[in-house]
């Protein structure tokens, strides 16, 4: 596969919840190494879009392809779509790493247990190898000495870093972050943003939903502004923050500053 | 203040059983009525669980037990007994195709049924436990007969008066037959059935004893037995 | 029983120096209570009639074994049944869900005594009517009473625990399951690695209570002629005509059992810290 | 088996047993309701003692729940009905008063209430602990007295959490009434057994009793669901 | 009472949790109309101090007076203090309004029910009057049309405004805010800060713990910097933010910016 194959490609994505249309036709491409920041008001559909990428929500219409492979979908009776091929779904998901807003660590496993879970159980890596790799990754996010702690005994920032380590351990094609800092206090926010900044410097593909505008401006290679389920404006951060066109975006940026 | 005559809440026909309106009837009810009339006492029938009947007597919830309770030495340590007012043989009925006999050797390797808390249970456990495959204790006679008919036990040890009606029924006649009375053991099988009283109620004991003697004398006893047992003498020897 | 106290888990207590651990026991009112308990115990031992005890010890031991065997086996089997019962009620296809809900409602809605009766005298007597069954190798077991007692107790425990498990499965935070799915775990693996262990852990705090209730339900098997501890004690009472002593012994044994059980389950619970 | 049953035995008027069964059923419900209410009161007191009481109260509540849950109900019934009245009468006698006789209904309600109270204490304690402490703090911060906090905030807020457990307790209460058979109180189970033994129609009566219990369960379920909907007003839907 | 009586006065407040000393001698005075902003790192004791003011935490030593009336305290056996007079405690508490970080609305009552609860139950106001007053207050915070909604059906910002309305309805002598915005998303933050700004303009006495430095600078008449349970520096906002003396405060302000 060459570098031109997009890591994540979304074409005309629609999503209804009952009668409510939350996403109204979204198209987005993230090439390998891109860091896409998704911004927008509360309820604009940011999380829903992110969750569609790994099919935690099934789209009502549209197409999503990960590294050139589109999810096989089939129509449901009520006019929506559903994944047609469960093996493919699992294979694609295993290539995406999602870091949830509230971490969603598995509380019944230690930090190390959380990190090796997917490599051992899903990817079939031998345990020893998985542990060695997990230790490297934990070291990288500064959690090496906490490997035997349970998530409940970690501070918020440590939990967040553990969630990131869990994703790094599977070497995903692309990483998805949903408001990775909104549950943290201001000092921890800096800590977590630093880890993400490092990842960006390594040219990992990332799509991140964030409320930290300064941060988005810093690390993103591309910023997407969602408004009422549509992409109202997108472009490089300098343009979005420096020279917003749409009046909504202008107001949004003003209200946040 | 009327005397409370305790019977067991679990029906034991033909001695006592309730009808749907909660009225108890049966031989022992008639007997208690006759006895109370004889000693000129007011009596009310009070059902109490068999399991709690002796504590009920000792704590004053009832004043006498007229519930087919056999006079045994163990019980006599707790309560006082009147003279016996009936006495029936303990017998064995068995499946027709079994070889059960009412002896320790005769029950070798068989499953026996008894009613829980009766002298028959004590007897079976004392004499048949060595040889029988198992002795099972049922809550009431009906249940052991049901299991006998189903063939899950081979024989039942019990009060012949309670077992006979079963043998005369269709189901009983089809499956089972009488195999004879067990060898006597007065220390367990006791000295007949008596009225149970609190030990300190000696005056009442005397009145009950003379009452029993009187209704035996004056023919009341035979008259009230006739409809239930048709001439069979249940007073025993 | 109640499927709610799934809240705060008990954390492993940090090891304290012996003196600090003893201190709470030495508070004045606790000393008074301990004194009272001791006095009551001495009075019970010295004032009451325990001469029957040595003679009945083997029987009591046997009864205790029967009780424990019934308890352990029916709890284990019932728990195994409760898992699918609970899971199906949360995610299963509609017909299965109705079936499970119906089963739990009927069993919980009718007395155990009745179920015992219908299964032993109904189902059991039915078996006896078929000569093929009577001739088979199964008959020596089917003519016994304990298989029916075991079956009934198992179904009963499954129904009550199934209800608890339903709550526990439903209560596992969605996010933890989504995280597993997002990493590409197949459905069974999500169940095996995340959903199931988390639900069991959430159900642990109520398990002790459920098992104690089951312990107290076992004496009913005496009505179908299984001689458990309670039946032995009943027999002692009938043979000795002692009203209270055998019951006190029974209470003491049950107290020990439920105390041990509570401790063991707390220990189990403390071994896995919970997320909340 | 079905065709062999004689359904006329279930007729409402004598000699049918239907009326007696229904009467027993009503007595069971009465007993269960009385015991349940008493248990609820004990449970509220016990939970309050455990959560807010001093050390002494807390230990007493702790011992109460431990004992009451470990001792079989039947034994409690026997001990209470016989030992209890015995002691009471001796006490009254010592004080020179006339002995009294506790009737079956009161004894039953008392024992069932005591047992239910043991379990209800735990259910309610768990439910109160599930109330976010902030809601209680908010009430305190506004100067509410502790009693008022309990009445206006803690109790209404814990109700939805307590309902499932209390529903289970109600099921148990309806069935625990069978205990009273041991003192000859004719509730549904005892009437059923008597009817069965008197007529030898065991299955007919056992199934009839089972259906009565089941009907009670289903009706209670409806009521409880209604209660739960009311109590959960304003709360987010359960997961 | 004259204007010189401080609305809230804290003298040498100490607070231990077990062995941990969280507040190490704090003295603070808020005159009527003052808006005191309390800032400081995580764990520095801000919440604890605020909660001592209305005795949600009982101090280990020190004195607190509300509008000139000091809490009557008595020593406990283990060397701490406890409120000695429950009626006084309730009376003083009824004069303080606390807005909690996570609102702590009563979920089983509607918006209106939440607002009238204290006037009716604690202050003994007739229901009609309480309702009329509550409607005014709700109108003031822009929640008039939501009076019949339950808290769970409100957005975060609406819940926050309801919590403020609940406090306003009792006309407190002083209002205490504990991080009133940290649970909100950036757009709601603005909304809530506006309400507080209005209150400040009305010269209501307020003590607020906040992480929003810009806001503290804007509305506070006085800023207090807590560090490890001590007031390390205090003064008017221009001084604290413009010319911090203590190196800790300087670093704190840098880390947050």
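Labels for the chains are A, B, C, D and E, by order of writing; each one numbers its residues from 1.
Rule of thumb we're sticking to: a contact is a pair of C-beta atoms (placed from the backbone, for glycine too) under 8 Å apart; a residue touches a chain by one contact, two chains touch by 3 or more.
These figures come from a predicted structure and were not determined experimentally.
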item	value
Given chain C and chain D, the chains that contact each of them	B
Greatest separation from chain E - chain, by CA centre	B
Maximum centroid distance from chain D, chain identifier (CA atoms)	A
By number of C-beta contact pairs, the top two chains	C-D
Rounded Å distance between chain B and chain E, as computed from the means of their C-alpha atoms	81
Geometric centre distance via CA averages, chain C-chain A, whole Å	45
Centre distance in Å when chain B and chain D are each reduced to the mean of their C-alpha atoms	36
Separation of chain A from chain D, taking each centre as the mean of its C-alpha atoms, in whole Å	52
Chain B, residues touching no fewer than two other chains	51, 55, 146
Interface hub residues of chain A, defined as touching at least two other chains	none
Where chain D touches two or more other chains, by residue	78, 82, 202
All touching chain pairs, where touch follows the definition stated at the start	A-C, A-E, B-C, B-D, C-D, D-E
Touching residues (chain side chain D, partner chain C) in the complex	1, 55-56, 59, 63, 66-67, 69-75, 78-79, 82-83, 119, 122-123, 125-127, 129-130, 161-162, 164-166, 168-169, 171-172, 175, 178, 189, 202-203, 206-207, 209-210, 213-214, 216-218, 221, 238-239
Residue ranges of chain B in contact with chain D within the complex	9-11, 13, 17-22, 46-49, 51-52, 55-56, 59-61, 140, 142, 146
Residues of chain C that touch chain B when the two form their complex	121, 124-125, 128-129, 134, 143, 145, 222-223, 225, 227, 231, 234-235, 238-241, 243
Footprint of chain B on chain D - complex, ascending	14-20, 78, 81-82, 85-86, 89, 99, 101, 181-184, 186, 190, 193-198, 200, 202
Residues of chain C defined as touching chain D within the complex	1-8, 27, 29-30, 33, 105-106, 108-114, 117-118, 121-122, 160, 163, 167, 170-171, 174, 209, 212, 216, 219, 230, 243-244, 247, 250-251, 254-255, 257-259
